[in-house]
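The next part holds the structures, each set out as C-alpha cells.
The following pair of complexes shares a single chain, chain A, combined with chain B in the former and chain C in the latter.
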Partner chain A sequence: MNGLRALLVDDEEEFVSTLVEWLDYRGVTAGYAIDGEKALEMLQKASYDVVVVDLKLPGMSGVELVHIVRKAYPKLPIIMITGRGSGRDQEYEKPEGVYDFLPKPIDISELVTKMKEAIEANEHRQP
Partner chain B sequence: MNTGNRNSDSRDRLLYACLAFSGQITASVTHELNNVLGTIDQVAGLLEDLAATPASEVTVAVERLSTLTDRLNRQTERGVTLTKRLNTFAHMGDHITVECNLNDLLENIAGLTQRIANMQRVELKTTLPNHDITVRTNPLFLSHLLFLCTKKALSLADRDVVLEIRLSQCDEEAEVTIEAPCHETAADRVQEDDFELLRSRLPVVITEQLSDEGIRIGVKLSTGGR
Partner chain C sequence: MSTKPGELQTDAFIVNDCGILQTVSTFYGTVLDSIDLTIPPHIRNREIISEQDQLNGGTMTTGFTYVEGSPFILVAVSRHQAAFKHWFYQRADVIWFLVASIAGILLVGSMRSRHIVNRLRESDIRRARIHHNLEYTNKMVTLGRLAAGVAHEINNALAIINEKAGLVRDIATHTEDFPRRDKILGIVDSITTSVDRCSRVTRRLLGFGRRMDAQKERVDLASLVNDVLEFQKTEAIYRRIQIDIDVAPDTQSIESDRGQLQQVFLNLISNAYAAVEDGGRIDITISQPNSNEVAVTISDDGAGIPENDLKSIFEPFFSTKGEAGTGLGLSITRDLVEKLGGLIEVTSEVGKGTRFTVNLPVDKVG
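Take a look at the complex of A and B:
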C-alpha cells in the first residue's frame, strides 16, 4: 500500500502541519485543512485514500464534516482524532463510517497502521 | 418553601453553577494544553526520526531544524501562558472579597475564553485603559458573570467577526462593555438562572442592547472612588 494519500483536518495548524511533515517522512503523502469548509474544497480538487478528522473544529464540527463526507464520498475511509481525555470519546458515539477514534497526542505508527486498516476494511466492504 | 430552604437552595445552585463554570474553563484550557503537548510531541518525534536516519540517506537542512525548534519554542511559550492563566483562575476562589484589578481579571478571563470563541469562529479583542482600575468584589463571581455575558454575546454574534471586550472608567464607575456584530434576533441561549443568581450577588448594573448593528452588553461596577 505504497503512495498512500491522506487528508488531515485539524484547526491546530502547527500540530497538523508537523504531522503532515512527519507522515511524509514515513511515506504517506498528506495534505491538511484547518476547517471543514476548506477540507471539502480540497476533497473536490484532489483524490485521497483516507481522511483524518479532528472531533472539534471551528464552525462546522468534525461530526458534521464526517456526515457530509460520507454522503459525498461514501467509499472514502475516515478516522477521527480527539483531544479529549478519552480516546474513545464517551460523549459522542462513533459516527457511521468512522473506522476508529485516536487520542491526541498521536502515535504516528498507530495512525499509519489505522489508515492502512481503514483502507483495507473499506476495500473488503466493496461489492 | 420557607426562607431557610430557599436560601439553601439558592446557595446550592450558585455553588453548582460556579463548579460548572470552573469545569468549562478547565476543560477548554486543558484541551488546548493537550494540543500544545501534542504539537511538541510531533516535533520531537519528527526530530527523532531525522536523527535516527543515517547521514548517507538524508541531508537535513539547517533551515528545517530551525523551523522545528521555532515551533517548539512557540508552543512552549503558549503552554506557559495557558498554565499561568489557569493558575490565576484557580486562585480566584481563595478569598470571598478582595481588592481586584479589573484590567488583570478581564485579560485573564478573555484569554481563557479565547478558544471557546475560536470554536465559533469569533476573535476576542480586549481593550484596556492605560491605568489600572480596581474594585472590591468577589473575583470568582465577577469572572463567572463576565464569562456568561461573553457567552451570551457569542451565542448571537455572526461568524468571522471580532467580539470586543472593553474596560473603561467614568467617575466612580467602571464599565465592561462586550460588543459584537450580529444579525440574529433569536432569544439568547445562556443559562438565565445562573445569570440572575450572579447578578443578585454582585453590586452590578447590567444593560443589554440588541440592534441592527449587533449585541452590546454593559456591566457597570462601583469603584468606590478608587
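Take a look at the complex of A and C:
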C-alpha cells in the first residue's frame, strides 16, 4: 500500500511538519493543515486516502471537522490524535466514523499501521 | 391567766402518788382535782426532772420530789412559751422555698444552656466539616486541573521531541553511509526512552486531573490503587518501604466515582506511609467477600493506635499528628466512603500496626 496520501490536521506546526517529513520516510506522502478551514480547503483541492485530525484545534474543533468531513467525504477514513493523555480512555468518546484515537507522542509505526487498517476497514464497509 | 409569748411561767404544788392535787395549782386546778401529768414510777428517794416539748412549741420542765415519810410528791413546773416560733417556722418555709426555687432555676438554666451550647458546638463542627470538605474537594479539583494543564503543555513539547528524534532515526537508518550511524541511533534511542518515561508521567497526571470531575463509571480498584501508589513510589523507594498488593482473582470492577475513590485511597495510603518507620511494610489486599461488594484493606506495621484514640479516629479535628495534621483527613475519608455507599473500619494494635478496611458496593448506590 505504498504511495499512501494522508492529510494531517494539527495546530502545532512544528509537530505536524515534522510528522509529515517523518511519514515520508515510512512511504506515506502527507500534507498538513493547521486548522479545520484550511483542512477543508485542501480536501477540495486534492484527494487523500486518510485524514488524521487532532482533537484540539483553534476555531473549528477536531470533532466538528470530523462531522463535516464525514458528511462531505463519507468514504474517507479518519483517525484522531490527542495530546490529552491516553486517547484510548473511555472518557473521550470516539466520534462516529473515527477509526481510532491515538495519543501523543505518536508512535509512527502505529500511526502508519492504523492508517492502513482504517483504509482497509473502509473498503470492506463500502465495497 | 394571760401569758405573753416568751414569758416563763412556773407552778409548784403537791400531789399524792395517784396524781390527786393536795394543794392548789395554777396549771392543774384546785385541791382533789386529778392532774393530767404522768407521775414517773419509782420516784421514791429520787428527784426527777423531765423536760418535754409542748404542743404550742414551748418547753415544759417538771421536777418531782418525794416528801419523805408521806405519799406526797412535790411537783414544780416551769413552762417556757415559744416566743417567735410561728415566725421562725414561716421564715424557714420562705427560705426553704427560696433555696429550692433558686436551685431549680439554676438546674434548669444550666441544663438548658448546656443543651444549647452543645447544639451550637455540633452545628459549628458540622459547618466546619462541610466547609473543609468542600475546600478539600475544590483544592483537589484545582490541583487536578492545574496538573492536567501542565501535563498537556509538556505532552505537546514531548510529542515534538519524539518526532524529531524519530525522524533523525529514520534519516540515519535510510541514508547510505550515514556518518557514525550507530552512535546517532544510540543517542536517539536514549532520547525516545526518556520521552516515553516523561509521557507516562504526563498521562498519569492527565488521567488524575480529568478524573476529578468524573461522576460515575466502572472502576477497576486494583489499577486505581496502583495509580495512587505510583504517585508515592519515590517516597517508598527512599524510605525502603515494602509495599505488597494482593488482588484476589476474579475481583469485579465497581461502579463508582473514580475521583473520590482516588482521594480515599490517597488519604489512607498517605496515612500508612506516615505510620510506618523507614524500612516498614504496607500490605494492600483487594478481594470480593461477596457478589455485592469489594473490600480493600490497607495494613501497616507502624506504631498502632491506642484503643482510646481509635474511637475518635474518624471524628473531625481529631489528630495524632499534632500541628502537622488538620484532623480532617480520616473524617473526610469516611464521609467519602459513606457517600459512595461503602463502609470503612479500622482495627489497630499498639506496637503491631493498623488496618483500614474499605468495603465498597459493586453497583453504585443512589
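Note that the second predicted complex is superposed on the first by the 122 of 127 C-alpha atoms of A that agree within 3 Å, B and C clash if a C-alpha of one lies under 4 Å from a C-alpha of the other, contacts with A are read in each partner's own complex, and residues count from 1 in each chain.
Just so we're on the same page, a residue touches a chain if its C-beta (ideal position, glycine included) is under 8 Å from a C-beta of that chain, and two chains touch if they have at least 3 such contacts.
Fair warning: this is a prediction, and the values are worked out from it, not measured in the lab.
> After aligning the two structures on chain A, examine chain B and chain C and state clash or fit.
After superposition on chain A, which the two structures share, chain B runs into chain C.
> Taking the superposition on A as described, I'd like to know which of chain B and chain C A:94 touches: first, second, both or neither.
In the superposition, A:94 touches no partner, neither chain B nor chain C.
> Let me test your reading of the model: by the given contact rule, A:58 touches which partner, first (chain B), second (chain C), both or neither?
So A:58 only meets chain B here.
> Looking at the overlay, what does A:21 touch: chain B (first), chain C (second), both, or neither?
Once the two structures are laid over each other on A, A:21 reaches both partners.
> Applying the touch criterion given at the start, work out whether A:105 contacts chain B, chain C, both or neither, answering first, second, both or neither.
In the superposed model, A:105 contacts both chain B and chain C.
> If you stack the two complexes on chain A, which partner ends up touching A:12: first (chain B), second (chain C), both, or neither?
It touches chain B and chain C both.
> Which residues form the common part of the chain A surface touched by chain B and by chain C?
12, 14-15, 18-19, 21-22, 25-26, 83-84, 104-106, 108
> Which of the residues in chain B come into contact with chain A in the complex?
Result: residues 31, 34-35, 37-39, 41-43, 45-46, 49-50, 68, 71, 74-75, 118-121, 159 of chain B touch chain A.
> Can you check the complex and tell me which residues of chain A touch chain B?
11-12, 14-15, 18-19, 21-22, 25-26, 56, 58-59, 83-84, 104-106, 108
> Under the stated contact criterion, what part of chain C meets chain A in this complex?
148, 151-152, 155-156, 158-164, 166-167, 170-171, 174, 195, 199, 202-203, 206-207, 210-211, 214, 217
> Which part of chain A faces chain C closely enough to touch in the complex?
12, 14-15, 18-19, 21-22, 25-26, 83-86, 89-91, 103-106, 108
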